[in-house]
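You will see two complexes here that share subunit A, one where it goes with subunit B and one where it goes with subunit C.
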Partner chain A sequence: MEMNLIKVVPEFIMLGTAFLLLVIELFIARGSRKFFGVIGILGAIATGISLLYQETGSALGGLFIQDQVAIYFKALFVLCAVLVLYITMMYEDKIKHWKGEFYSLILFSIAGMMLLASSSDFISFYVSLEFVAVCLYVLAAFTSENRNTIEAGLKYLITGALASGFLVYGISFIYGSTGATGFSAVATALKTAPGSGFLVLGLSLAIIGLTFKISSIPFHVWSPDVYQGAPTPVTALLAAASKGAGFVVIMRILFTALGGIKAEWMVFVAVISGATLIFGNLAAMPQKDLKRLIAYAGIGSAGYLLMAVAAGSTLGAGAIMFYMLTYIFGILGSFLAIVIFHNSEGSDLIDSYAGLSRRSPLLAFSLFVGLLSVAGFPPLGGFIAKLYIFAAAVKEGLWVLAVIGVVMAIVSMYYFLLVVKSIYLRPPHNTAPIHVDFTSRAVLYVVNFATIFLGMYPGPVTDWVMDIAKVLF
Partner chain B sequence: MVTLTHFLILSFILFSIGVAGVLLRRSIIIVLMSLELIFNSVNISLAAFSYYLQTLNGTVLVVFNITVAAAEVAIGLAILVNVYRSRKSINVEELNDMRY
Partner chain C sequence: MNTPAKYSALWPLAAYFIMVVLLVSSMLLLSYLLGQRHRERVTGEPYESGIAPTGSARLRFDVKYYMVAMLFVIFDLEAVFIYAWAVSVRELGWTGYIEVLVFIFILIASLCYLWRMGALDWVTSKKSVPKS
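And now, the complex of A and B:
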């Protein structure tokens, strides 16, 4: 049983930064904690650099696997960490108490997601999942003076704990019917003994439990309330990083561990995907609050990603990986613009965005690019990602699902274009320009450029993710 | 003779009571207690499988599961205190400020 701790160095750097912030917090007086964000970003960059030097292999006695997919997702989480910490620095004045702990908890949750991306055993997977979840429960209820935030935090905790219960109950049946908890050991056990009734029951319960993390039906109800009520940096973290963490483990469990019984889960995942697509996109249409609208759109996105999971092929897995990259840029760019706008106007209502293009062209353009990329508008990154997902679904014969997906993509363009219409075409309520400082401008330019670049010239990235997605099978 | 099936039926009954408690009860304290019941029913099932299969993996997961359940309920109670401070009530039905 070799420990091989060198493979866990990126996680250690991330955790070390988080602990460092907690210790610094002890020794300094109250006041601004913006430099905590800078330290956190430096720690995240150090983590990213250490990822470049990682080689594939396993560690911690087989509980931890470092493969190309894990490294790719860890790089995405580091990217999320940098952007979310920057968004937190912009948002910091709204947090009254324990500002230092807020930064630290973000880093802890990102470290948990990195462990999750590498877990190769149901035990390490469950513990990492709960590590992330516990950090996020605290973050979602963080600004406890606010009635909505407390409400959001409690709803998140109760649905999350219920979903964890389903998940671990499912794990117990998978363990009971295969006699193993390691993902590759489960796959080996399935080769000799075909699936029993217990296994299918366990599989269904585990998938239902995991739908909480990715906010798809049946555990989607928390998402609109939490997105609206939680502090905006936490919403951004949930929307981008937490969803990616959910999908990397779904891919590992369904493709690697249970790939041998694809026939048993394919239809189940396809049905969840179709229901999620229809519900998320239709419920987004009447929304008045932008964060709530993004929550319903996020439910819709989970439907698209599940469509690629249902395809269960290398093309599907690569499509998920590319979709997450474009989604992170699109959604985090939008959230940075939302936080800057909220700092100046104190409102998240779509109506209050009227005439934004005349007050701050850059914020208007960032929301335009970010939201339309999530909607899948050509030529932005999200369009290419959706195209790959449809291709994966059609190739596996999921025609009905692909048709639902295309129709719902048009619906999603409708409600995102309503926001764009409010931003560009309606007269502003107040004509005072909104000030955007230099670093925020630079970050917004980089994020928008990345979204457009991924749409115009996706070739190298898609070839690369399609290549590394093979290790899952 | 107590067999694996007996343990699984017991675990299923407790799990169902727990889920029903989360979905139906109004008081947040009872909801948290029901969550605890869910986690512990799963522990029974894991321990039974572990004994039946004669491998330790299930038992290890039981230990982690107890820790996880304790952490979640601790945070739940902390949030509950804040809910009571802001609303002077711990009824789930009061938590309906956000809707479109």
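And now, the complex of A and C:
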């Protein structure tokens, strides 16, 4: 039983920052908590620096694994933490009570996701998953004066509890038929004994439970209402970080633990992926509210990522890792623009964005770049990511799925271009310019640059992720 | 696994189970057959040391009882984890000590939180709840 606490230092820094904010909140008078965001961002940067010095290996008696994939995803979560905390600072005036706790809960959930990325055992995986989920249940219902927010929180809690039930039931069958809870121990057990019917049952239940985290069919129903009703920083956290956390554990469970029975889950995942792609993209078309549209587009994105999971190859795993990077920049840049726009106009309706390019060219450009990158428009990061996903699917012979994916990519261009049309071509309802302060400008420039750069010159990053994706197999 | 020897070790348990069922059912059956039956005015009333009960049992308890009970259960269970560390303190060494320090620090932080939020006050005064 080697504890190796040094490997858990990044998580400790994140948790320590969260506790610090929680305790500071208790001893200071009411008022603005913007500096909490600054402390949180500094804590996240310290976490990021400590990640640079991490070496690979396992810790906490085999419950925790620190490999290249875990470090990569933790770096993504730290990036999400920085951007989401910044979005929260912009949003803070709308939160009436317990502002400080909002910041610390965001940090707690990010710490949970970091633990999730490193879990190498069904027990630590489930505990970290619930750690994240409990923080997000509270956050989704945080501004409880608003009826829509209460509805969002309740729907998230109930579907989350149901999905957890599926997941634990599935894990119990996997444990029952292999006799192990560690991911690598399960893989070893599968080498000697072939999978039974109970193993397939457990596998299917576990995948169904995990679809809640990534908002794909059959547990996608919560996502439009929660994305629309929850406070916007929470929506951003759910859209970017929570989805990444879901995919890193799906990769660990399916590729590392159950890679030996790929034939059993490949078709299952492919069917879920196809259904999710078609549903998410078609349902996004008639949406009037931008956050709701992004929710349906997020369901569609889960379909693309599941396509790469169904491919089950190093190329697929690398494609997921690159897709998450571009997705985080695209979606969080858009959400920052949405929050700034909402502060000025008090509306999230696509119609109210009419003529935004004449009122704030930077906000218009950020939404243009962010949303088209998520849609997969050619010179932007999202395009390269989707290209790798299609390549992975075709290479494994998933032709039908790849064709559905390409058709649905065209559909997603349609509804995202409707937003762009509203922003650039329609006359504004109100011509007053929207003020964007200096820091927000800087953040938006950096995020837009990253999205464009990843599309123009993806080579170094894609080579790197394809290389580190090998450790999963 | 499925050897008869494995199961034959279980016979005292099975015999005990059968005896329990027989004893309880015979007691219930005998008292049903031999006992007297009364149907008086106060037969159905609950027996409270001979005092006639008043009022309804469906009272509304203050939510603070549940609050305190919940906090007690949480901290009680967390104390159990410290016992688990204490019995194997020598094997775990300094690493275990650091982990327990972190754990106790988290407990202190949460106790601090409860105290400042006013969750431990029996009488809530409005000003003790800092709403930022």
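Before moving on, here are some points about what is shown:
Convention: the second predicted complex is superposed on the first by the 473 of 473 C-alpha atoms of A that agree within 3 Å, B and C clash if a C-alpha of one lies under 4 Å from a C-alpha of the other, contacts with A are read in each partner's own complex, and residues count from 1 in each chain.
Everything below uses one rule, namely that a residue touches a chain if its C-beta (ideal position, glycine included) is under 8 Å from a C-beta of that chain, and two chains touch if they have at least 3 such contacts.
Model, not experiment: these values are computed from the prediction.
Annotation for the three-chain superposition on subunit A: subunit B and subunit C fit side by side.
Set side by side, subunit B and subunit C differ in how many residues of subunit A they touch, and the one touching more is B.
In the superposed pair of complexes, A:Lys191 makes contact with neither subunit B nor subunit C. In the superposition on chain A, contact of A:Ala180 is made with subunit B only, not with subunit C. In the superposition on chain A, contact of A:Ile171 is made with subunit B only, not with subunit C. Of the two partner chains, subunit B is the only one touched by A:Ala152; subunit C is not. Look at A:Phe19: by the touch rule set out above, it reaches subunit C but stays clear of subunit B. In the superposition on chain A, A:Phe122 contacts subunit B only, with no contact to subunit C. Across the superposed structures, the minimum distance from subunit B to subunit C, using CA atoms, reads 9 Å.
Counting contacts by the rule stated earlier, no residue of subunit A appears in both its interface with subunit B and its interface with subunit C. By the touch criterion stated above, subunit C contacts subunit A in their complex at residues 95-96, 98-99, 102, 105-106, 109, 112-113, 116-117, 130-132. Interface of subunit A with subunit B (complex): residues 122-123, 126-127, 130, 133-134, 137-138, 141, 144-145, 147-148, 150-155, 157-158, 160-162, 164-165, 168-169, 171-173, 175-176, 179-181, 224-225, 228-229, 286-289, 292. Every residue of subunit B that touches subunit A in the complex is listed here, in rising order: 15, 18-19, 22, 28, 31, 35, 38-39, 41-42, 45-46, 49, 52-53, 55, 57-58, 60-61, 64-65, 68, 71-72, 75-76, 79-80, 82-83, 86-87, 95, 97-98, 100. On the subunit A side of its complex with subunit C, the touching residues are 3, 5, 12, 19, 22-23, 25-31, 33, 96-100.
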